[in-house]
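Below, chain A partners chain B and then partners chain C, in two separate complexes.
== the complex of A and B ==
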């Protein structure tokens, strides 16, 4: 900080003075620019995280005494049918996720070949993604309620009311109904992602292929699919961790009753209604472990499947590789300068 | 438009499949919302007597909207949401871009660790963490203050940092260097030269963060418990109570909350799409 203005006359000063002032300035900028985000990160992410780990070994409420119970909370997570069963509920959401990705892939492919009114279709499919979870909950509560929207539509197609299942009460079907709302919400977003990836494929490829007599299916199978393989896998894995943390549909629509409680709904209930904070923390850690497993799987997948830079490489992967190269160059430059 | 030669019939069939499936999908996407719109305009008698798919008698019947606005105090909640949005967006764009600048342009001890801290934070399950975040908020006396809620939202902003980091990768370092040669300070380099160039990344992060803040429910419900502090999504949730089955009121409330985001979407469609694409591919 000694003389912060020296660098205006940098050329006239000896090298050493110029260098130190720049260095001081650099430290100052690093410190001030990182201070607020790091403070927030520590206070609202890492301190709570550390506490979460700590609490998971205690039997405790928000207030009052706590007793150390070791791994008992973790044992309970796996032993309690209600909790472990809620992980099985997320299988419904995963099946929904698979349907959603398949549909998104289909519609994105349809739109990559010229469509009239493309922007209309894109907008209507995508818009549900922007609606808040609570509103979606109400919309579908109304949609599935006995004698309301879905029942009326089915009756218009000639079904008898008594043959229509109770969408939210019938335990054989209610989780499917709820998972369907997630499909409704996220399909459009996936369409946009896939479409973006497909658009980055060189259009000459399609033309060349169609001149060679490739039909649409062959174009899809041999040109589109390989080019966007990586983004599909990425989405699949993101989808799995998203499904593990599904919360809003069961929370708003059924409040987790009738066997529709997902992991988060149960955790929310255990933490805030039953006030078993320790158990809820253990649940959170188990979920975190699952999410980390998914992420590691994703990283490994990308590391081993997309490193050899073959022609199947997606644009995202190419971009990433280019960026890495650039960073390497920059690092070399930086090293040479200092 | 059609460059495909020969096989006229298959291409006709393909077109039919294409349009039929797309129209069906749009219907599926639209019907739940459209039915809500119809219901929101129905009087109590109409709601009780008519089929949900029937048109309301008139689209000038606004009583449900009035009731929804009043009972859930929605105007006040819109105000709160607006304040939160403005402050959180400004702060998160500034802090996000500043942090990305430091991480991208400087090498210093602990840089890798800082980067990893932010990356790992994105894995922590959000709702689960609220159990302990609540305790910290409580001990800091931040419960039931709009600014407390804002601070929580600012603190969890990993996506925009990531977007800015990516953008800085593509801004040449020679820009900074020449400015420094001309006597600019590092602060000057950031605010005068780089920040204006970040505009596309700023748009993207505004869109993503804006949508998530507008739709945020869980933290708002937890940290803003007084009715006059509620944000719009929490206000909507109050309809589970007294009007549990009066769907004409609920639908009106739903439409009120969707409307601003619909307008926003129609105006900024392109930015929204590109924002979603760059936000989601954060692997």
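== the complex of A and C ==
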């Protein structure tokens, strides 16, 4: 439709004028700026992902021939106890995650009210997050080793070496030991995120609340908590998906032995030790599906169970009001038509 | 409308640019007609050849010292050829990935992930099997269809490293010949000395994988066992009366752990410090290939205390040890012809003239050279190498063990230790599971079972 018009324009104007026109330049800039990031995104995210989906239908190694097996790999993921059952290990990390969020909320709330040496505490808490996961693994490998750091500390407090459990071997405790390293690592990050959200709360509110006689707990419950709800939900979602894909602590510290093999560690073992790439790809996609399901479920949970603290009416009330409005509109429309 | 056209063009441009990336490697050349095989190669003919070659290695610890020394020594003799080493941590995985691109360098240690049938896709032939077999050791390992694609820089024997002083202190005068004798000796050591009788190095992982190597020759005294018999055996992990075969190997580990003859907390064992510990007598023995002997000797002040004994399984009165090649050198078939010839000259020089065997304490690749001192205790022990598989079954061993997820990687052996440590599964139950996995893998490849 617009073609003839542009053609005549192009004939009338010399190329240079056309090329330097604002409209063309704008598009050129958009195109060139978009091209590189889109290309990177495509090459390093979407194409590899599509390849992984494709691989999950094959019985294949990294090298050599591939045979198409359909959904057999997926069936195996669900059928094998040591694969799907390893998700149970994630429960330890989720429990750790709950402790971590509670601790982070506590520390953040402490710091949002005036504390001496606040930035020192902030830095100290955040520091573990800056260390790379593998290094943390090695730190804790020696921390938990028999007769090393933790045992020495406990002995200094008067415990006998024989009464101290073997932190990495005792199956009633080794997953807790590993989850604790995750808590140690990520609490600081959560504190900073919470603190950021809390800082954005108007300080007049605290003042007004304390004038009304609200104590610290009440201020936290009725001012801070509702204001940072969205950040709490975000942290919870990140935490759950992180727990499902826990990898570094069990991989570096125990290599997934002695019942500490998380889903990711088993996936790594199947892909690299046994060279069953197709099966590992299927595992990865099942995990992705699980994470999506968990995230959506969480979103829905928060949407319907908790009311939005900022508004005066509950979700149910909002729904009712909206419905009424709709009905009214419909009635008016119907009236107009007839 | 225009907008849509523009975005369409954008997508088209991207797809085209990607397609261009993808099609690059399809026109690669694989001609190797003019590269002489290693037995016919006369380095004097190529005095004028100019080349820069790159060689990949897993020995990141000595790549800038010992290996660079070889490259310099070679450069003095052949001034026109420059050799550069590239050390890679996580070698097997990284190189497997890089091989698929074709542009990784000129010489590499062939990773175990390349199956024999695929060797010709990545490496040039080094010669005919019958000719090379009479000249070098271990060439059978990288031979497919009568052609050799890789030669190991030396070999190791499978046995047990031990501290002679500790064993003598415990009053042991004769080396054990059966698993039960070995376990009895370990008990003696525990009673009479302060040393850890058997150090498993559990947490390092690969040290557990080493146990898989004793399943072939050490447990059966038969060079055909691994590549030809095991594949066709029904339930190979079943216990036999003579206490030989795969069961006996894992029995040794299981019983040692169950009787607390290993370190107290395997989960916090540490490989680097274990070298020093065996050297100064805190550890009595470790089950590892003979390559470890030199490292243990170097790790402390008592190099003379370190000994090496065969694995304690006797079959029909014969005790055998497997000798196998280390990583084999393979030459890139996508490299330029000059580089391939230069690489061949370097490999030949390494195998025949360099001091690499002495430095690593390994069995020389060149036949007729002396065994290293570390294998002195092997008198009276048959040193065998695995025979090649039947034609058409060259890759079957790898296929079956990968599918069964047994005898490959570290984890199955870790499972044996865990079962013994927690006492929640008997060895017979575990071996029964392995038999099942083995059988279903055999079925999936349609293997005839006798």
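Keep in mind that, in the parts below, the second predicted complex is superposed on the first by the 273 of 338 C-alpha atoms of A that agree within 3 Å, B and C clash if a C-alpha of one lies under 4 Å from a C-alpha of the other, contacts with A are read in each partner's own complex, and residues count from 1 in each chain.
Operating definition for what follows: a residue touches a chain if its C-beta (ideal position, glycine included) is under 8 Å from a C-beta of that chain, and two chains touch if they have at least 3 such contacts.
Just so it is clear, the model here is predicted, and its values are computed rather than measured.
*Asks:* Scan A:113 for contacts with chain B and chain C and give back first, second, both or neither.
*Replies:* first
*Asks:* With both complexes superposed on chain A, which partner does A:34 reach: first (chain B), second (chain C), both or neither?
*Replies:* Once the two structures are laid over each other on A, A:34 reaches both partners.
*Asks:* I want to verify the contact counts: of chain B and chain C, which reaches more residues of chain A?
*Replies:* B
*Asks:* With both complexes overlaid on chain A, does A:208 touch chain B (first), chain C (second), both or neither?
*Replies:* Once the two structures are laid over each other on A, A:208 reaches no partner at all.
*Asks:* Tell me which partner A:61 touches in the superposition: chain B (first), chain C (second), both or neither.
*Replies:* The second partner, chain C, only.
*Asks:* Would you sort A:296 into first (chain B), second (chain C), both or neither based on which partner it touches?
*Replies:* In the superposition, A:296 contacts neither chain B nor chain C.
*Asks:* By the touch definition at the top of the document, which applies to A:43: first (chain B), second (chain C), both, or neither?
*Replies:* After superposition on chain A, A:43 lies in contact with both partners, chain B and chain C.
*Asks:* Thinking of the overlay built on chain A, is A:254 touched by chain B (first), by chain C (second), by both, or by neither?
*Replies:* It touches chain C, and chain B stays clear.
*Asks:* Using the touch definition from the top, say if A:275 reaches chain B (first), chain C (second), both or neither.
*Replies:* In the superposition, A:275 contacts chain C only.
*Asks:* For A:188, decide between first (touching chain B), second (touching chain C), both and neither.
*Replies:* After superposition on chain A, A:188 lies in contact with chain B alone.
*Asks:* Of all the chain A residues, which ones make contact with chain B and with chain C?
*Replies:* Comparing the two interfaces on chain A, one with chain B and one with chain C, the shared residues are 27, 34, 38, 43, 47, 62, 142, 145, 148.
*Asks:* Touching residues of chain A toward chain C in the complex: what are they?
*Replies:* Listed in rising order, the residues are 1-2, 27, 31, 34-35, 38-39, 42-43, 47, 61-64, 141-142, 144-146, 148, 166, 168-169, 171, 174, 254-259, 269-270, 272-276.
*Asks:* Mind pulling up the chain C residues that touch chain A in the complex?
*Replies:* So the residues of chain C touching chain A come out as 1-2, 6, 10, 13-14, 17-18, 93, 96-97, 99-100, 113-115, 117-118, 202-203, 205, 264-268, 270, 402-403, 405, 408-411, 414, 418, 421-422.
*Asks:* What residues of chain B sit close enough to touch chain A in their complex?
*Replies:* Its residues touching chain A are 1, 3-7, 10, 14, 17-19, 21-22, 25-26, 28-33, 35-36, 39, 51-53, 95-96, 98-99, 101-102, 106-108, 114, 117-118, 121, 123-129, 131-136, 151-152, 154-157, 161, 166, 169, 173, 180-181, 183, 185-187, 190, 211, 214-215, 217-218, 232-234, 236-237, 239-240, 247, 250-251, 253-254, 257-258, 261-262, 265-266, 269, 272-274, 276-277, 280-281, 283.
*Asks:* Under the definition above, what is the set of chain A residues touching chain B in their complex?
*Replies:* Within the complex, chain A touches chain B at residues 4, 7-8, 10, 22, 25-30, 33-34, 36-38, 40-41, 43-49, 51-52, 55, 62, 103, 106-107, 110-111, 113-115, 119-135, 138-140, 142-143, 145, 148-149, 152-153, 156, 184, 187-189, 192-193, 196, 207, 210-211, 213, 215-216, 231, 234-235, 237-238, 245, 247-248, 252, 264, 267-268, 271, 277, 280-281, 283-284, 287-288, 291-292, 295, 298-299, 302, 316, 323, 326-327, 330-331, 333-334.
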